[in-house]
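See structure below.
Order of writing sets the labels: A, B, C and D. Residues in every chain begin at 1.
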Amino acid sequence: MARLETFADGVFAIAATLLVLDVRVLDHWASYVAYAVSFMTIGIMWLNHHQLMAQIARVDRRFMVANLGLLMCIAFVPFPTRLLAEDLGHEGARDAALAYGFTLTITAIFFSIVWFYAAHGGRLLRDDCDPRVVAGITRSYLPGIPMYLTATLVAFASPWASAVLYLVIAAVYIFESSLFGGAVAAD
Amino acid sequence: MARLETFADGVFAIAATLLVLDVRVLDHWASYVAYAVSFMTIGIMWLNHHQLMAQIARVDRRFMVANLGLLMCIAFVPFPTRLLAEDLGHEGARDAALAYGFTLTITAIFFSIVWFYAAHGGRLLRDDCDPRVVAGITRSYLPGIPMYLTATLVAFASPWASAVLYLVIAAVYIFESSLFGGAVAAD
Amino acid sequence: MARLETFADGVFAIAATLLVLDVRVLDHWASYVAYAVSFMTIGIMWLNHHQLMAQIARVDRRFMVANLGLLMCIAFVPFPTRLLAEDLGHEGARDAALAYGFTLTITAIFFSIVWFYAAHGGRLLRDDCDPRVVAGITRSYLPGIPMYLTATLVAFASPWASAVLYLVIAAVYIFESSLFGGAVAAD
Amino acid sequence: MARLETFADGVFAIAATLLVLDVRVLDHWASYVAYAVSFMTIGIMWLNHHQLMAQIARVDRRFMVANLGLLMCIAFVPFPTRLLAEDLGHEGARDAALAYGFTLTITAIFFSIVWFYAAHGGRLLRDDCDPRVVAGITRSYLPGIPMYLTATLVAFASPWASAVLYLVIAAVYIFESSLFGGAVAAD
């Protein structure tokens, strides 16, 4: 598990840091907003992955393969982010908004696969897990897929509305993380 | 050994995450398939490296140099992946398929060198290694070289057939990893 | 906390190492100076983050979100660094110097937010913290914001003077770090 | 010290893996040789840094700043490597060979600074250090600077001879590391 976390932390850190390679032109405010939103989105995902792994006592190969699928999505985020920053307001805005949204939706699906595989019947959970924390994680994962899917489908009507929704979802996650100020185990 | 693993995890994570830099154009489906196949291929290699290192009790300089050679191959994978995604169906498809195949074949050779150097006479293995796990790793390493070499040579007849074989080999590895659902030590 | 540090170390290491991607042309001395100054600036920030975390006993979600904001700034540094190396002495020098300065000023603000949130009433500090070390960190964080803000505002008068001030601030931090030769806990 | 090693491992792993970004054209054999030589050179440097850190019991700020200088050089290696692969045999070959050589010479100087600062009077060494290992590291560091400096100066006469010498020095280090097959502490 230690190495799974080192590898995962590496992918999260690299995906987040690579985002800066796509900030290209000064006065191109869209690329700053895209950078900040995507960095914080990947960062909050890292926080959630951290919290998820804190409940896990053991891993098996299926869990690790599902986790690779999740990391494959997260490492992909810089690509649709660049598209969205480049194309919003130009030709291709719809495709870019769809690409961003589908990437985040599939990422949310993989987060659920990883978590429900581990939590089903307590398969991989620690024996001393707090059931309220487990239920809290389950509850917090449920709205992710429909929220991102809705924002994605809105792109067919308006790429701008879709982009604003992505921003709102990111802001909600950051705000919720900041509110929930409970102490995290010092591991 | 801790630092060998941190360094190796870093190379695996960076090589996998750099793949996204080569996903360039929307609607270019080949680059998505290439990204997914290569990310999962590097990910499964990371899983195998993880399993290999779990059997190792001590390392020497020769082992570390062989391991550097292995990491040199893995860090190289993004280059032939980009070639294959760009050139399949165009001029240069054969060279791209050969470059991808030779890279993966040489990677498989280095995996075998690292493992058989460590396992020969139990040189670097833990005293409490499960002999069935050791035999299982040995058995699972044998088909890698001929499989990738065959797929590489097929490129002389048809780059497309070769690319499909790479995809099949990756799928087999992912499927096999998912089936073999035994619990991994919690280290 | 271990994973927060792995993630943070990854972002620091990647941001520092990505700087080399922007060193492009031989005989372009400005890009060498920019590389060295920015690498050492990110390196000293890493040292300070290291020293900060050594005082922390536990973390909460708010601390982690503030820390993500700090890392978002640090991962952004390669962008204004490239601008400054490219544009100093050309059109756009003022904007580049402003971008560099505002990035470093906001980074200093986030450093203060992270530290004062953790240290306020000893909220997240270790019980056995040396009060002189805590007071020393507090004291060393105070001049960062006004120093970088002053150097930034100087860019309105002269981008060159501003760039020289950034260099002087970096040199002061390196010199101060080298002077303060006390042993660091071996953790 | 744990975080110093995580940060250092990150810089080594990223610098080595970034080298692949500069492998650009198929059939451009110089870029393959440059990739392999530079990856193994950075890898052997990582091995030496690993061995150096294994003798260290405690660190101070001066040691950490010197270590940042060393990492600054190592993270710079991909730049002159790209120059050398691109320009050897073309105009600019001499400048490229000089840039590569000076980078490696300065890296060797920083390695010596870090080691002799730590080892002088046993300042930062473990109490139970094997004096033969300490003397062996000291001895192995002495030839690095004159070897790289000589190969660099040869570039004034012939860039090709200089490049061959860089290759020979790398081969010697790899060969020497492989011969010296003593078991490394399992840390």
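Basically, contacts are C-beta pairs under 8 Å (C-beta built on N, C-alpha and C of every residue); 3 or more make two chains touch, one makes a residue touch a chain.
As the structure is a computational prediction, the values presented were derived from the model and not from experiment.
**Q** I want to confirm something about subunit A and subunit B. Since they are copies of the same sequence, is their interface symmetric in residue numbering (over half shared, so same) or not (under half, so different)?
**A** Under half shared, hence different.
**Q** Between 0 and 180 degrees, and as a multiple of 5, what angle does the rotation take that fits subunit A onto subunit C by Cα atoms?
**A** About 90 degrees, rounded to the nearest 5.
**Q** Where the CA atoms of subunit A average out and where those of subunit B average out, how many Å apart are those spots?
**A** 27
**Q** Could you work out how far the Cα centre of subunit A sits from that of subunit D, in whole Å?
**A** Distance between chain centres: 37 Å.
**Q** Tell me, which residues of subunit D touch at least two other chains?
**A** Those would be 6, 10, 14, 18, 21.
**Q** Taking the complex as given, what residues does subunit B use to touch subunit D?
**A** Contact set of subunit B toward subunit D: 1-4, 6-7, 10-11, 14-15, 18, 21, 57-62, 64-65, 68-69, 71-72, 75-76, 78-79, 83, 92, 95-96, 99.
**Q** If you look only at subunit C, which of its residues touch subunit D in the complex?
**A** That would be residues 5-6, 9-10, 12-14, 16-21, 23, 26-27, 35-36, 39-40, 43-44, 46-47, 50, 53, 174, 177-178, 180-187 of subunit C.
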